[in-house]
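Presented sequentially are two complexes of chain A, the first with chain B as partner and the second with chain C.
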Partner chain A sequence: MDTDQAPFLTTSTQGIDMIEGDITLPSNRTNSNELSTLDEPVLDTIKRDLGAVFRKFGYAVIPRHSSTLLQQWDLWGPLILVTTLAILLQSNATKSSAGAQFAEVFTLMLIGSIAVTVNSQLLGGKISFFQSVCVLGYCLLPLLLSAFVNNILLYIPTKSTISILHIIRFLVVMAAYAWTMYASVQFLGQTQQPNRRMLVLYPIFLFYFLIAWLIILHAHPK
Partner chain B sequence: MFSDDGFLSEKFSNQSPSQTHIFTSFPNSAVDPDDDDLSTDNKPANNLSYEYNPSNSQPSSLPLPATANTSKDEQFHIWQLEYYQTYFQIDTQQVIERLLASMTPRPNKSYFDSTIRQNPDLYGPFWVCITFIITVAVSGNILTYFYVPDADFQIDFSKITLSAIFICFYWWLMPTCIYFFFRWHLKRIEYTFVELLCVYGYSLTIFIPISILWMISISWLQWLLTILGSVISGSVLIVTFWPTINSDRQRFNALSMLLMLFLHLAMAISIMLVFFHVSDKNIPTRNPTTLLTTVIPSVKNQI
Partner chain C sequence: MRGNQQTTSLESGLPTVGSIVWAAGRTRAQQAFNLYANLDYLRPYFDVEPKDVIQRLIRSLVPRGSSREENIKPELYGPSMIAFTLAAILIYQMKLSSHSVQDGTLIGTSFLVCFGYWIGSSFAISSFSYVCNTQLSLMQILSINGYALFGHCLVLFLATFIHTSHDHFLFYGLWLVVGGLAAIRMAMVITSRTINPQYRVLLGLLIIFVHMAFLLYLHFAYHQLAENVAHALNNEPTAAVKLPVKPTISIVAEIPSVKNLTRQIRSNFKNSSKIISTTTLNMTAKA
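Up next is the complex of A and B:
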């Protein structure tokens, strides 16, 4: 029995070693040091996480090739951006419809992200669900900035239906839309093989187009 | 089916003296380095035949060993993503080709046979429907934006949901009806359900530019676009289905084709009327108030 088990055990322990080697992350910290982040002061944790979020904002605004956004995904950035966008897009808010309008933007964002990710996975892309939601959310930053500008420009009174102000607003939002598309193409376009890239990028195009349309047609409550 | 040791199966039906022994099933641990010897000339002791076939996909057999290549025949379930991946094996070039072919009816050549038959995909139809829904909702909202003063305009989200329900319903209902019609009335199963979905989805392509052009608020132009669009896409549908329907010499051939075309036209007309039609009744706020203000003084004068 023992002689039977001894070779069996050796092979299996070798197997366990190999598995251990594969699943430890290639980071500087060993297992014992990871526990120390539980003991650090809360301010340190917040500063580190906020730093990561702002760094990702930087990547979204100036897209350069890095794997940070994809590998270390987090959903704080998308949450902040979508909440701010939903607040900015409230118009003519009566008590009852304000909640509904807020939820509409959220729902659009959620369903859009799910649709884009499932589409990308079905076409054979190597991206997970939350990575895709993370990238889509972070790349929303230029459109959010254009919504700010839009709201400010709406304070200038205008009389006719189509005036120069409408055109400026339209151009600003379109510029932000192009910027957003460029950023997300940089990140998400690389995850797909070249002959299917347009098929993956087209739903992203539709998704941001819907959000840009919401921003353009937003009017102030009077 | 299984013998006592649990991994052999017997097949008496296709036994022949010259048949080499092929394995039907064996357990996972049966990694046998000398497989080649077994395949040729060992007579089984108890009259079983062994069938070794890498692409064997009997559902009752044990899974093949890890060394066999199982590229094609894993049975995916409906809740696994890989089940649907088979319907998305398509490239950009092929999608563009199918989109263009669905907008140009050619009398003799059915594009279905040449392009879709080998590889029905769900990417094209799904995203064509979604794009159609979005363009209808966006254009409808923009149209009302130009007719309502800036302060009163509110984005009508109910338009999106309404158009989504209607268009998706149409996209699924018509292939279902046609599938059952072919299966029970004509008793021919020539098209799978996915192929029908594919054809119907692509046939909605031409309505996307038409729904953007529907924003131009000239009434006769809207009607013209509607009829033109539904005739073109309806004729593509007719060209696709005509060979099947015509082959049986039933009474309802032409009638069923006309019915399909009529339903297509009805769908286009109803979308146009609900979302886009600019008649005197639909233009809000401005005209009725001016009418009222002119009516009231005249009534006052009469009293």
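Up next is the complex of A and C:
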């Protein structure tokens, strides 16, 4: 026991100063950020997260230059919007195909996001899958509003096949589509070199175009 | 480190065999994943300018072979976007005809059909061309085949949005002209790299057959029903309309008219099959 405690090399000098102190740092805000949000009251968390979601909706509706959507992405907005859109696009379906119909919009969203992410990464951009789900989902808000208007307009009875009503519906959905494209171009178009922007924007254009046509084609079961 | 798993045995403090195997397996799997599933391998194939893409799209319909010295730079951006567009057109047509798929979703089917055809037929053509000693790599064939699908997109798009009374003739005309041009272009490019003349003829015929047959399949599986629904329920043979079939989906739900609809679809199908048999006979007579 004594030999263990003897130093390996004996030196006569005492030149090395002993450094003493505590390893634990006093807790400041940045270090204990994750821990502190666990302890806060639930209402604070809900208020903060809801505020973030509504702020992002605001960015999607009135697009302006900001990197909030990309850097602080969250998936609440896309979940709410895609679920609502899937409910609005339900049409006359049998029991077995109702589930598949509901899942269509989700599948479309998933495949669209994968396509946009892979395309953007391969063309040199730096965007991750969840960021693109976030942006594509939040920018769906104008199309969702047009789907609401579409469903309301469908309740007005019309006799001829091509009437002014159908033209109004078409124009409303196309206007919402243009608005959506403008919003997502503001967020996703910035991540690319300028002469290759069209290459990145084409899958987004196709994705929203398909959703816009699904909305236009939707008719009420009578 | 005290984790949840027993990484160190209690007696000697050395790591357990199980944990060594797990760590080694994980690093091997990660290395394999980084090696093979790396997106960076596809990056050079996406290095393209928009005007190049447009130029290639237009050139895919011009039947001109390529000389043996010309190096075709394979790119995958154009073909994958064309495959996505074709899948979107198929989804639109399936929605128009309320095509219900029992297993799997509508969207999954159309993506599977488009991408499966593109990749599968490219593999098939590249194996045949390997046998026939053609100097083209798989990536080049993938790119040429993908651009040839642009003709399919055009035909289906035009046939979906233009509804006249002579829809059958419109479709078959477009099938012959546009599909034929794209098929001939692809066949000429691939056969110009083959030396043996008999193999050339064989390979050319195979490519043209596969290309045209796929467009016919897309027409009968997805487009035909939408066309018939539009005709049967609109009762307006010469209405060139912007939104042709919106009201028809609601009317299909009414039960009494469904019998008339099925009768009409069956009669249309019989007429079209007669037309097909005569056209195929004519084609084989000319070839």
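Going forward, the second predicted complex is superposed on the first by the 191 of 222 C-alpha atoms of A that agree within 3 Å, B and C clash if a C-alpha of one lies under 4 Å from a C-alpha of the other, contacts with A are read in each partner's own complex, and residues count from 1 in each chain.
The working rule: a contact is a pair of C-beta atoms (placed from the backbone, for glycine too) under 8 Å apart; a residue touches a chain by one contact, two chains touch by 3 or more.
All values reported here derive from a predicted model rather than from experimental measurement.
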Checklist entry - Clash or fit: chain B and chain C on chain A? => result clash
Next on the checklist: Going by the contact rule set out at the top, does A:L122 touch chain B (first), chain C (second), both, or neither?
Outcome noted: both
Checklist entry - Counting only touches as set out at the top, which of chain B and chain C does A:Y202 meet: first, second, both, neither? => result both
Item to check | Comparison of chain B and chain C by chain A residues contacted | outcome: C
Next on the checklist: Looking at A:Q71, would you say it contacts chain B, chain C, both, or neither? Reply first, second, both or neither.
Outcome noted: neither
Next on the checklist: With both complexes overlaid on chain A, does A:A103 touch chain B (first), chain C (second), both or neither?
Outcome noted: second
Checklist entry - What is the contact status of A:L217 with respect to chain B (first) and chain C (second): first, second, both, or neither? => result both
Next on the checklist: Does any part of chain A touch chain B in one structure and chain C in the other, and if so which residues?
Outcome noted: 91-92, 104, 115, 118-119, 121-123, 161, 195-196, 198-199, 202-203, 206, 209-210, 213-214, 217, 219-222
Checklist entry - Which bits of chain A are touching chain C when the two form their complex? => result 91-94, 96-97, 100, 103-104, 107-108, 111, 115, 118-119, 121-123, 161-162, 166, 170, 195-196, 198-199, 202-203, 206, 209-210, 213-214, 216-217, 219-222
Checklist outcome for this item: Within their complex, chain C touches chain A through residues 39, 42-43, 46, 48-50, 53, 77, 80-81, 84-85, 88, 91-92, 95-96, 100-102, 104-108, 111, 234, 236, 241-243, 245-247, 249-251, 253-254
Checklist outcome for this item: Seen from chain B, its contact residues with chain A in the complex are 81, 84-85, 87-88, 90-93, 95, 123, 127, 130-131, 134, 138, 141-142, 145-146, 150-155, 157
Checklist entry - What part of chain A is in contact with chain B in the complex they form? => result 91-92, 104, 115, 118-119, 121-124, 158, 161, 195-199, 202-203, 206, 209-210, 213-214, 217-222
